[in-house]
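Here subunit A shows up in two complexes: once beside subunit B, once beside subunit C.
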Partner chain A sequence: MRAVYTFSLMTLHMLFRRRTLWGILLVILIALAGIASVPSFDVSNQGRFVLDFGLFGIELGSLLLALGLAANLYPRDKETRTLMPLVAVPLSRWQYLLGRFFGAAIVQAAALLVTCLGLMLILLFHKLPVPGDLLPATLLIIVEGWFLLSTVFFFSFFASPPLNWPLTTMLFIVSQMSVSEFTGLLPSAPGLMRVLRMILPHADVFHIKDPIAHGFSIEPVYFLIAVFYGLCYSAFMLSLALAVFRGRDLK
Partner chain B sequence: MKSVIAMCFSAVTLVFFTGCRTDYDIEEVAPAEFLESSGGGEHVHEEFAAAEDSSTVDEHMEESHAGHVHSTGARNHGTQWFFNQPWAAPFVWGKLLRDAVIFLLLAVAVFVVTGRRKRK
Partner chain C sequence: MADMHPIQVTELSKQFPRKRKLGSIHAVSDISFNVKQGEIVGFIGHNGAGKTTTIKCILGLLKPSEGSISLWGNAPADSRVRKRLGYIPENPDYDNSFTPMEYLNMFASMRGLSGTWNDWKKLLSRVGLARWETTGIKQFSKGMKQRMSLAIALQSNPDLLVLDEPTGGLDPIARKEFREIILEENTRGASVFLSSHILSDVETICHRAVILSGGRLVAENSMEKLLGEENLYRITVISRKDGTEVEEIIPEADLQSRIDSLRRDNIRIIRVEAAIKSLEEVFLAATGGGEPQ
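For the complex of A and B:
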């Protein structure tokens, strides 16, 4: 694990030096400020609106960050030929994958925490209440972001970055659908669609913005189950990514 | 080739795992008391069902909603979408946990299967 830790740190330093991270972070913060600037026209509960859309903005930000950080990590390593000496001696393929993943995951989590802080400041600036569960809601979005990150890694081993973006975005959209909505895409084969939906992730597990915006409290047990579910699904996607990576000829 | 086998193995295991062959919406598996508490809007509208003039119905509805008070713990009308989410449905938490464990086991299985080297 020492090799994974060292390689994660290298990935972390590399990603912090890239302008992509700062660009996406800036876009998210500007979007959050824009949401809060929408005039309320004296409609009550503007705080709910800002909070709900703000958390949705952070969720979209997690998708952007996952794609921006990881979509071209493997293709670039392969193109610049830094991959071959790495996996030839110091690292095995699973160590390479985990090192890249953990490095990107830490950077993504840090960026999402900054956006959460930004949302808090925006709410305070507009003299709107800041709910105590905002941080747990962001933590669930971070776990969702890690799942998206593992999906990006999975696609990056057999798809180019321009193809990775629509594929991951499509999976993100599909994972938001309920079973009835998903079955409605192909009503002639409901059984098949229900089986497929079971294999696909349930992103609604990570959504607690509605109850938070309306002042409902979340059971801590649910929070733990949702985190566990997200981590297990990420591990599953990473194992599939590793299966593809192990089968690749790097010559 | 190994990756294709691993993916097929994952899909087949998931499909044939007893008791989780298909997915469902929360509303489909919710116990009766859960649905009753979230879909209690009918009692307001029943009294207007016999009315023929729609404008009369609207007026009655406005009057009714203006002074309508719910008993403690009863949910508001049209909020099924809000309560049919995993955080509000403890009866699906077990399914989530089960799915998570299955995905974890599959991850380990795929890792082991694809990591075995060919011996000549």
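For the complex of A and C:
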């Protein structure tokens, strides 16, 4: 695991030194600045509104970060031939994949936590209540972000970055749909759609912004099960990614 | 044991599917050769002959379509084997956001090596990057990246060096330094598999050469045998017909009798010299002119 740890650190350094991360963070900060301006309008339940908007921004940020950080990692390594000396000698393919994943996952989590902190400061600045479950809600979004990240890695082994973006976004949208919404996409085959919906990820389990905005607290058991589900699905997507990567010739 | 050679390639074939067409491209067809312990083996062939494909199969980056490859009797993907390997890829590139020292530190950690800053400093100095240890790779030329590759390849004191066109971007002085390092590594005990277009490099440092043409092995032998086992001599005489110089190459055993016969016929001998065959001549003869097939 030492090789994976070192390669994760190497990925971490590389991502911090690239402009992509800062570009995405800039977008999130602009979004936060937009949220910060909400309390200046005369909106009823301003606190709920800001919280709802803020958590939605963090969730969207997790998708943007996953795509921005990972969609180009493997294709770029391959194109610039930086992959060859790595995979030929010190690293196995699974070590390469895990190293890149963990590096990107740490950067993504850090960026989302910073955004959460920004949201907290906005709430405090406007003397609005900061719910105790804001951090667990952000943690669940981080787990969702890791699932999205593993999905981006999976697609990146056979799809170019411009194709990876719509594929991951589509899966992100589908994963938010309820069974009835999903079945409605193809009403002529409800059975098939129900089975498909069961197999496809349920990212809706990570969204607790509505209960939090309405002042409900989250059961620790629910939180733990949702985290476990997210980690299992991420591991499953990474296994699929590794199966594709192992089968590929590195020309 | 034959199986314990650092590299054993047996009946290797590699095909790639054609894009948007039926059928496949045969990059390498049914080649077999080995690299023995302590040998420096040159791997030569024209562009597209299948050299890089073979090397990538040896390193496990490509899966052979047929045949097998073993490194010290193990599969190329075996982690024990990879620890004993140093590799310089063709046209190497590295992430621009790092410095050579950072790269060496990270590679050392990934390989489980326990070197210090001073060790890597000495290594960079050995490959000619002493003053560039903390300069971003972004500023490196192609030749400097190749030196960097050499440093990474040598970092673990490998038992086998696989070098794919390592001197392509180097100037003559750097090439000489590079050859010296390869010979030093060989003296240390490392086996070397060197793919190169620069035939003079192969001729100078290799014990044996494997020649590839159109994905097929067309010649393989020790350098002495490839360049001619017996001593040959070139006799230059003046033609009695038109007065031009005519050359004749004959084996050492026939030299005296041929000179006597020329003298008897009153043919003027201009020069008698050792005729040394170059690897280039051997290569051109073996590959039918060296044109891609």
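Here are a few things to note about the model shown:
Convention: the second predicted complex is superposed on the first by the 245 of 251 C-alpha atoms of A that agree within 3 Å, B and C clash if a C-alpha of one lies under 4 Å from a C-alpha of the other, contacts with A are read in each partner's own complex, and residues count from 1 in each chain.
Assume a contact is a pair of C-beta atoms (placed from the backbone, for glycine too) under 8 Å apart; a residue touches a chain by one contact, two chains touch by 3 or more.
It should be emphasised that the depicted structure is a prediction, and the values quoted were computed from it without experimental measurement.
Overlaying the two complexes via subunit A leaves subunit B and subunit C side by side, clear of any clash. In the superposed model, A:205 lies in contact with subunit B only, and not with subunit C.
Counting the residues of subunit A touched by each of subunit B and subunit C gives the higher count for B. After overlaying the two complexes on the shared chain, residue contacts for A:238 are found with subunit B alone; subunit C is out of touch. Residue contacts after overlaying the shared chain place A:218 against subunit B, while subunit C stays out of touching range.
Between subunit B and subunit C, the minimal CA-CA distance in the chain A superposition rounds to 8 Å. Taken together, the two structures place no residue of subunit A in contact with subunit B in one case and with subunit C in the other.
Note for the complex: subunit A touches subunit B at residues 94, 178-180, 191, 194-195, 197-199, 202, 204-205, 207-208, 210-211, 214, 216, 218-219, 221-222, 225-226, 228-229, 231-233, 235-236, 238-240, 242-244, 246-247.
Interface of subunit B with subunit A (complex): residues 1-4, 6-7, 10-11, 14-15, 20-25, 28, 82, 85-88, 90, 93, 96-97, 99-101, 103-104, 106-108, 110-111, 113-115. Within the complex, the subunit A residues that touch subunit C are 2-3, 6-7, 9-10, 13-14, 17-18, 80-82, 84-85, 87-92, 95, 249-251.
Contacts from subunit C toward subunit A in the complex involve residues 16, 56, 59-63, 77, 79, 82, 85-87, 89, 91-95, 97-98, 102, 106-107, 109-112, 149, 152.
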